[in-house]
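Each of the two complexes below includes chain A, the first together with chain B, the second together with chain C.
Moving on to the complex of A and B:
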């Protein structure tokens, strides 16, 4: 159930630059809106106004209101903030787990590498949805569970990638030179190898973000993620589906934002992959 | 020169790499892990202030030997002494002290410099190892080093890809020099460079040797380069040292058949200097399963017979400072 990233591929560095700017623009727009919504709208995302339920879009409520009279525009932006926060959290957990794990496996190689990567392969073989649901059942629905499970679901790819890179750099002459100069493993990994891995790692991370946003939306939609009255894009979608016939806009607007976020990050990833800055 | 204590000495130095078989190959075909005998039972002494040239064809173990000497690889067996201290048992502080003494210059100046680091970053690493902290002093020292290796001060914030091959090698030299070492392993430092640039780098290395009393292990496969720079030469074949002698002696009286064949391959313009070309049959056997006995017997044109295929000859001193490992001289 991972949102497979769409490939826009090809087109050379010029197209990549366009993707980069498009991606940055879309993500920047959504981020700004989701942070600045208190200034853009006088309504609270949680407070109900039952007499104002299900209003159509108007100048007072740009996107109308939901059944409980909450302003949809405000709710969607509020939800987007949570989704983006989750995306950021996933990236951080990814780095915190995948980076050291992969680095240790790649650095020591041999048997250590075999066992560590064997574990990764096994975990990779289990459908991620299975253990995500397992974790959520154990921890109960909620933000903590979402962060943890999404982090655990995506660090495997990163660990693998880091391990491959470290392994290939280990015999590089500039690393041998650093060893001859007396640098220890941590300095070599951090100061010599990491700067050379940033580009590909960034691309992987950026492609993970839309997957995580989508997965969070999906889990929340199933009722396993963020719980009411908190709103994420997923819970909004779930509510939207319930009222799809009477008020389709309640589904369309959150879906539109998920779409824009996914598109933005995929564009960004594509831009970084193809024509991003090579060696400085 | 030979009277002094050697600076670096090895005894029976051996470095094997393991070529692992897959589990399936081990279980089904009963194949075992194989050993690559890169360096096998090498006894070598390098004296203070000299340049020892180490020659041999690709894959004979020259680079492995050089890297093992400065503890980039752990030896499989045997001993390495640096000023009579055991190198491979050094840890912690002792090792840090040794790192300051023994440095390496790599063959490929495109691979030996981190592409993401500026010259300032690259050279400040060894300076910090040396204990310099103050940024101003570090910068001053970097500029000194750049000047010493013939680079302009304006290069300090450039990245490696902005330099030519020769300039990069100068950065590599500056980095090795930054620790003020005594012993430098120069691993084919000019093989990747144009001939005109080769001469510049070699001259630089010679000047530095004179200025700082450096000791070089100069690894190369280029006989004219080694003739020019070395005081003594060691010839390596498939992990074994087959002959060592002072440069002039080796070039005038090569004793080992392999050395003779090597020297006969040097092109010469002057007809009277031309040696009779010795063409060796076949190719170098793989160090995976090196032949028993004398490693060279599969291609030797002066084979004595059975003894060569069974017994490994050891180095014997035929004349003063001239050692050769061949059954002809035992």
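Moving on to the complex of A and C:
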């Protein structure tokens, strides 16, 4: 299929631009709101006002308040900021692990590559989520555990991708030229190869963000992630489920935010990839 | 990408790989699976013993009788390697140990009672996802670039952005609490299955649609289909007999992660709808810090996933020997 520009499904390149803008718009909206909430709302996400509990939405409290009198709008946006921040951090940690690992394996090739990628294959067979849960149960919930476990969740994919690319670039002419100029491995990898793999790498990273948002929310939902007084979207969702019968808005608004964030990043990823699903 | 016309599969799995090749691949992958399982058991053991806050290092006291049983079973007084050996021997014999919370309750008993519930819901959800996702994906791929294609793509994008823990409570709220059409919880007749199965199936349906749409579009562009058409075959025949089997290979290859996704979903869905399944017990044992049950279920599910991955890899190797060249095998 190489050499032929085939766009699979989703309407092709023209639609890709639409997905890209849609994704950017949604992510921009959520990011702006979650960064600017201190200017939009006079309330604190943690401070309780027990006499103001369970108020319906009004001009004073756009989305109403929860049982402890905390403004829901403020809490959800604060939770979105925390969730996004964690997802971004997690993706960067994975990048910091996978990039050098894959680069070393791809650069040296041969036996080194065989052993390094063999390890990746074995680790890939371990059902990671069960072990993330198990680890967090033993370690106790909290931000430290989340970064420690989710930071190890995606680096295998990245390492594989980087390794394949470095391996394919090894004999490329621009690398030979750089070698002839006397550049060392680090500067060839960093200055010559990396710019050539930024695009596919970026697509992968963009798809990892909603997965990380999902995982963090899932773990917090189970009570293993972010703990009080902090509250991420997952924590809020769990509270919302508990109070669903009396105050459904406590469920609906965090659910909406999770949905918009994941949709935004999924669309952005599709847009960057060029529209339509990749042929696996 | 897979351009093997299905009527030639037998030639490929014959001469290209052969019985001997297949056997050596089976041995290699089987050894890999055993290695992964051993790794999983070992990690579990040492996590339990070495991490601060673990069950054997924590200062929280358990009831006397349970503590005595634990000490005996895990040989707590003996050297760590001895303990590890005993643990490994138990697991190999299929004995996953006792609950740390409830006296006289073993993990095996729990599996026996609760797994059928989870398996019923999971298999129904997976079947629904395949039954809806495959035709939808074909439709999307055939009308490439059309409004229907864009619509399906958009719809699956929405589907992939609605995690189970968002969807399940929303469905429960709308259809059980607001409209009162379906029972909100508990294990009973078929009506009790509708909402859990729907919430579990949603995400996999979107994923399968995407997979089939992508692979089908790739297959449809292949030359062998033009040949089939040139030979005068009808479009339906070309689509379903010649294109579809190849387009389904990626779905098969994705069965492992798909199952893992259903397991993840079941942790939430069974909680939301109060089903007495394994996921619900798993989550409850997380709240209770019942390490015996957590570890037992984790080991059981790991073995299940590893077995599915192994079966998928062997099936793929049989269908398309090129799969034996790359080190595959994906976890959840």
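Just so we're on the same page, the second predicted complex is superposed on the first by the 264 of 280 C-alpha atoms of A that agree within 3 Å, B and C clash if a C-alpha of one lies under 4 Å from a C-alpha of the other, contacts with A are read in each partner's own complex, and residues count from 1 in each chain.
The definition used in the following text is that a residue touches a chain if its C-beta (ideal position, glycine included) is under 8 Å from a C-beta of that chain, and two chains touch if they have at least 3 such contacts.
As the structure is a prediction and not an experimental result, all values here were calculated from the model.
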Looking at the overlay on chain A, is there a clash between chain B and chain C, or do the two fit? fit
So, does A:180 touch the first partner chain B, the second partner chain C, both, or neither? first
What is the value, to the nearest 10 degrees, of the angle subtended at the Cα centroid of chain A by the Cα centroids of chain B and chain C? 90
Dominant toucher of chain A (residue count), chain B or chain C: C
CA minimum distance (chain B, chain C), superposed complexes, angstrom: 6
Footprint overlap on chain A, comparing chain B with chain C: 279-280
Where on chain B is chain A touching in the complex? 67, 70, 72, 95-96, 99-100, 102-104, 106-108, 111-117, 125-126, 129, 159, 161, 172, 175, 179
In their shared complex, at which residues does chain A touch chain B? 172-174, 176-183, 191-192, 195-196, 279-280
What does chain A use to touch chain C in their complex? 1, 4, 6, 8-12, 15, 19, 117-118, 121-122, 124-131, 133-135, 137-140, 210, 214, 217-218, 221-224, 234, 237, 240-241, 244-245, 248, 251-252, 255, 258-259, 262-263, 266-267, 270, 276-280
Contacting residues of chain C [partner chain A, same complex]: 1, 32-33, 35-36, 39-40, 43-44, 47-48, 51, 53-54, 140-141, 144-145, 149-150, 152-153, 157-158, 160-163, 165-166, 169-170, 172-173, 177, 210-211, 213-215, 217-218, 221, 250, 253-254, 260, 263-264, 267-268, 272, 283, 286-287, 289, 291, 294-295, 298, 301-302, 305-306, 309, 327-332
